[in-house]
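Chains: A, B, C, D, E and F, in written order; residue numbering restarts at 1 for each.
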Amino acid sequence: MEKAKILLEALPYIQKFHNKIFVIKYGGHAMINKEAKNWTAQDIVLLKYVGINPVIVHGGGPEINKAMEKMGKKPEFIHGLRVTDEETLNIVEMVLAGKINGEIVSKISKFGGKAVGLSGKSGRIILAKKKKKFIKNDKGENIEVDLGRVGETVLINTELLDILINNNYIPVISPIGIDEKGEAYNLNADTVAGDIAGALKAEKLILITDVDGIMENPNDKNTLFKKLTVEELKELINSEIITGGMIPKAEAAINALEKGVKAVHIINGKIPHALLLEVFTEEGIGTMIVKE
Amino acid sequence: MEKAKILLEALPYIQKFHNKIFVIKYGGHAMINKEAKNWTAQDIVLLKYVGINPVIVHGGGPEINKAMEKMGKKPEFIHGLRVTDEETLNIVEMVLAGKINGEIVSKISKFGGKAVGLSGKSGRIILAKKKKKFIKNDKGENIEVDLGRVGETVLINTELLDILINNNYIPVISPIGIDEKGEAYNLNADTVAGDIAGALKAEKLILITDVDGIMENPNDKNTLFKKLTVEELKELINSEIITGGMIPKAEAAINALEKGVKAVHIINGKIPHALLLEVFTEEGIGTMIVKE
Amino acid sequence: MEKAKILLEALPYIQKFHNKIFVIKYGGHAMINKEAKNWTAQDIVLLKYVGINPVIVHGGGPEINKAMEKMGKKPEFIHGLRVTDEETLNIVEMVLAGKINGEIVSKISKFGGKAVGLSGKSGRIILAKKKKKFIKNDKGENIEVDLGRVGETVLINTELLDILINNNYIPVISPIGIDEKGEAYNLNADTVAGDIAGALKAEKLILITDVDGIMENPNDKNTLFKKLTVEELKELINSEIITGGMIPKAEAAINALEKGVKAVHIINGKIPHALLLEVFTEEGIGTMIVKE
Amino acid sequence: MEKAKILLEALPYIQKFHNKIFVIKYGGHAMINKEAKNWTAQDIVLLKYVGINPVIVHGGGPEINKAMEKMGKKPEFIHGLRVTDEETLNIVEMVLAGKINGEIVSKISKFGGKAVGLSGKSGRIILAKKKKKFIKNDKGENIEVDLGRVGETVLINTELLDILINNNYIPVISPIGIDEKGEAYNLNADTVAGDIAGALKAEKLILITDVDGIMENPNDKNTLFKKLTVEELKELINSEIITGGMIPKAEAAINALEKGVKAVHIINGKIPHALLLEVFTEEGIGTMIVKE
Amino acid sequence: MEKAKILLEALPYIQKFHNKIFVIKYGGHAMINKEAKNWTAQDIVLLKYVGINPVIVHGGGPEINKAMEKMGKKPEFIHGLRVTDEETLNIVEMVLAGKINGEIVSKISKFGGKAVGLSGKSGRIILAKKKKKFIKNDKGENIEVDLGRVGETVLINTELLDILINNNYIPVISPIGIDEKGEAYNLNADTVAGDIAGALKAEKLILITDVDGIMENPNDKNTLFKKLTVEELKELINSEIITGGMIPKAEAAINALEKGVKAVHIINGKIPHALLLEVFTEEGIGTMIVKE
Amino acid sequence: MEKAKILLEALPYIQKFHNKIFVIKYGGHAMINKEAKNWTAQDIVLLKYVGINPVIVHGGGPEINKAMEKMGKKPEFIHGLRVTDEETLNIVEMVLAGKINGEIVSKISKFGGKAVGLSGKSGRIILAKKKKKFIKNDKGENIEVDLGRVGETVLINTELLDILINNNYIPVISPIGIDEKGEAYNLNADTVAGDIAGALKAEKLILITDVDGIMENPNDKNTLFKKLTVEELKELINSEIITGGMIPKAEAAINALEKGVKAVHIINGKIPHALLLEVFTEEGIGTMIVKE
């Protein structure tokens, strides 16, 4: 009886999100252990089977660092910014497309989902170009720095994703882009996830990370914002309450919402089944951001 | 967390029954009150939204009796068998197709399902003919009795049902048949449900009634059979442990299983959300019958 | 030879109306006897087979009155207006969806057509709400009267009808509506037929009734208007030449024409094969109303 | 009323032949004047609009003879058989594909049908090869004679015809074939019509000629056979009651029936609207041949 | 290796024109001998197989003249303009639709293409009307002359062509038009080709003729214009550098470009494989005309 | 002119292989430098654009060895056989799916093809299991050795490949398999390519390697076998003329041919455009193996 009730509590959400697309950014910091990877995969498969179309974009920071160390590759910096040279890009691709992507595909497959691992180069999903980056020099002048093979999105080609979604596959995308000449670039996974959510006119963009959401005081869980509007979010950025790695997430959220995504969620992947709890319960467990 | 677990417990069933058809016979005796009608409708809608295709066949005995009384129509009998004359058939159709069918459609619609109420005459779904009935007279001879407009299935035309199912509608069917000349017949709802399940190559036939299932001693719930094979079921009929109104149910079960339906369930519609509990839990709550 | 000529006379009409939709309101007063029901069904089937898509909306006034009497249900009135209480609505649904609808389906089936009987609740074809009715009290003030379960159209959902038409079924619709909460309402069949014709962008709305059409003097057949424009029709209403039961028909005609229906016909169903004669002969037999 | 009756008399035939294919061989001798061409075209268009799919194969003997004369081309003979040399084939193609085919297309278009004129070379509809012909010489030996560009069917490619039929076009085919090397051949139109009817699994093959059908005594209309079986037809050939130009028609009929065509009709195109009368009346006007 | 290089040189063109339509006007003067007919057919088939959709419109002036002579038909003139009487139209149709069209179909078939020969009457591809022609009389007044059955395009119906193209057929069209009443007209093939290219939104219109292209001095090949804009082309007409038979070609080019065709080519069909060389090489061999 | 001839020489092959599938095994030893990678990619894109459907399976031996060295991973051996432990499998996946696959996708994209890089785990394309390997011990007994994560094909799931091919994508597959539990395995690329060719009912399996084909004496190019039957190939294996790395290629060829592939080609990827030359010229450049 209790079981039936819980299943039925999910019904309105299942109905509301029927056939809708959820873009899920699965961050490297949330892949803490085998259990966490299992429950996230299981949640994704459940979403699929109740009629929601998940599209996964993954990160992989910690693994990349480990691999670089192992390969004896020293990080380079210009003006304090990390540079991605050719060799670094190779390692990034190997870790993202060759390791993490495959692990996620394996896990989803294990729980009965039909996953397809894709680099953003495939079908030119992520058409990219070299990212222009300017910093201020000592004289306060804007000067361009060359960060190497760091890219930014030019266009998301949705054709291949549409085909896969319509055939009930779950795309799992590495944030590697390609330009017209076939050159590869490394992109920020949060930003790419926002771009993809916007291009696919997704219902939701869900960022799975290792914090509970946006908090007034990151050390006090009681200061978690349950719900924010874009206006409020921008205010929090301006007033520097949001800082560091949360900045690209907040910007991806704003970008996605402005392109028509209905809601963006930031949740803590270390909480078991955070994804299901956020989607299928009234109260949720993280921060939800909506247009207004 | 508990919630997530319960949702995930349902996952293997959701996967297994994805895109499968469940024919659900919703008996008049199970429509005990507004609450029961609500929970059954809710369960049906949930099945639909998690990817299962429910097809409803309803009965309506108690309501028919009430209406006949109200209209001052006396039941007729020949050799102890009830006769369906033209006027009775009219009342039966009015109650089944004009009242009960519409109520079920309303309830499913209320909970967000797209129901289509159909008499078996529509699209000649239930092609029928007059049922031949023989009884033994005093001398032990077989003589035919004329039960009037009582029919039996000649053929189930699945075209219309296939179209509706493929377009995500939930068909709700009254057990009225039609012959080549456009004449209507009243059919036993259990039997028709079995015929339809067989014709649609349904995964399951679920008979919602007002008892807990097949019991060795109908007065002792502890004697419920959780699982039976066709062989065992036939044995129970032969040994007259199954009697009365359970006979057509048992026969419908055997018929459906022989036509390829994977499992038949007999459950008690007076138990809240019996349908969900039977389908989505390991233990179930009624009797499941399988081929072997 | 004569036969060939008559078949060929129909050719230009068959070509002109190829694949077009005709909404046919089949009024209860036109269902005078078995023969009339047969010829109307035959005409409908012929229309279908020569490539026209008929959609039937039926009434049923006389049968409802008979059933209410039989069930000992007294009509209620407020300020001289008939009230549809819950019990009356039940009887209305039983007669319309359970008796008359089924009879039409049977007849069409008998002549080889594939009919599907539908209440307006199915697939929420007729999304309705409680009708607001105001009357003037003694002081000349507008006061609202509660007519109970009498409804008006909010929206016609054409999805289900489109699917059935595209699959060569003939929908037969009872004028029962449903609201978001699953509550049923009784609607005026002429009005609903006009709404459906408008929503389906029908070529024609044909009202089969028991008079020859719109006449200057209802007692003199020679005063029949063969053709009217909307302007002229409104004039006839204003000048009170059109009165009584012809008012909702005239209003349905105006409504349909304003929603894009090309022509509305009012014909006498007591004339054998009135439908064919109106559609396939130059002169027609009733009143045709066009936009201008 | 009379009109309605005649339309309804056609209904059972319209239902029976709904969506079926009729291959109609329209012989040159039946194209006696403008009126006859008009009524045949009109009949074909009516068939199309009531849901039957006509496919026309035409002949053109008399016109070919006229054109050859005009061009000063003398007929050649070997052992008494007419020879089709290159130049003759050119004239045949010009008359069939360039004149008669176009005239039929024009007439059908005039009455509102969508006709497509096709040589059998288009889409390799009629894959042909040189016909082998043997005659007995004075010594009773079989010797082969070279009839030049006379061909016989190797295979009917139905792809193009299926596409046109499914898109509601009426194919009008000249009996010119093509071999693998692109060489053209002249084929007997009756024979080709039978081959096409067989390949398309047509319901009927109708041969429009200038006699009333198969008659015991060709000069006595009272000896017309209304209906024959293949057995009886073969008997009539063996007993030489069927002779001359009726032989290829009879053989085409047998061939078509053996390939699954349901009935073959031989009718007199000089009778106005012979086609409609044969198809839509009980009695018909020519000879119908069925398998048994 | 050399071979591989040449194949790869074609790759950018193959990619650029993938799935695009080329309307090819194949002029009678370019059909100089069997070899020329073979290489043109081969080129067309190659275009098709590398993913381009060719649509052929053919002319046939020289053959028509020959046939008229043979049939003893004297050309008629009014005010110096050739008149197409009924008999002449018959000959034109016979030669175009019955001879030349069939020859092209045969050749394409021989090299493995699926060609469909069509008169512009089929599917009313070329809806035409009588062409109005005015000349100045002695007094400088405009007077109308009756050129008989000479027509001009009213509308190109692309439905049939679209169906054939989508099913991988190569349409081969004779420039014969039809009006609403089924009357045929003879049209200028260059003009029709331009109309068809415009209606199909073709990528290219290619006019295969017997001169190298547009030349400043027709006797000096070195004065060939490789590329012209519409502006420049109009200038050449105004300055009477373009004259005679090149005028309708130039006008067809302007018409097509204004309807959205990307480029028009005029090439010399006497040069072996002129079509391939023009399409698949950087330099081309004729005159290319573009909008600007 | 020469150019046109060479294009036309390819025509019969383009026609013959239209819409057929070529599975191309692109071996790591053939990826000798940037130029070789470019010409192979270009050839693949040309195949696609002339209507052939290439499916790429790649190897990567040399790169894997380099990466292992770099990561300080020592190869393990049991009984002289290389063992793939978990860590080795990780490196294999990173190099194959994360580096080489992406490079091929980039190159194809650069030349205008739509490539999709896929691990065999995606869509469970390569359903695999642990490979059983037996060796003889000193006593001549068969004993099983545990080679770790080396797998063999259980089943090729073609669904995802079919979808991609039908949508004009070029699948590029890494030879990594997955089992029901989501565990990954490393498979021999030649063997997998043969399995995929068989499952897709490919027209050809083309193995691009670094030798000219099968040679009687590997050091003498003049001993190249241009064409072999399966029988002859088996003979060459038995007589130990074929040895070493050519064995799995020969076995893959036999396997593919027995599953219905029409021809297997072994070619030298160090020869520029070897792929085009083998496919589009009469003489070819490598060894072709056919069933008989």
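By definition in this document, a contact is a pair of C-beta atoms (placed from the backbone, for glycine too) under 8 Å apart; a residue touches a chain by one contact, two chains touch by 3 or more.
Just so you know, these numbers come straight off a predicted model, no measurement behind them.
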item	value
Interchain contact steps from chain A to chain F (minimum; 1 if touching)	1
Listed chain pair C-D, E-F or D-E that repeats interface A-F [over half of contact pairs the same by residue number]	D-E
Distance-maximising chain from chain B - centres being C-alpha averages	E
Identity of the chain that, by mean CA position, is farthest from chain D	A
Type of chain A:chain B copy interface by residue overlap (half), same or different	same
Chain centre separation (chain B, chain F; CA means) in Å	56
Chain B and chain E, separation of their C-alpha mean positions in angstrom	69
Overlap residues in chain E, where contacts from two or more other chains coincide	none
Chain order around the ring, beginning at chain D and proceeding next to chain E	D, E, F, A, B, C
Touching residues (chain side chain B, partner chain A) in the complex	1-12, 14-15, 18, 42-43, 45-46, 49-51, 111-112, 272-273, 276-277, 280-281
Chain E to chain D touching residues, read off their complex	70-72, 90, 93-99, 101-102, 105-107, 109-110, 114-119, 121-124, 159-160, 163-164, 167, 169, 176, 178, 181-184
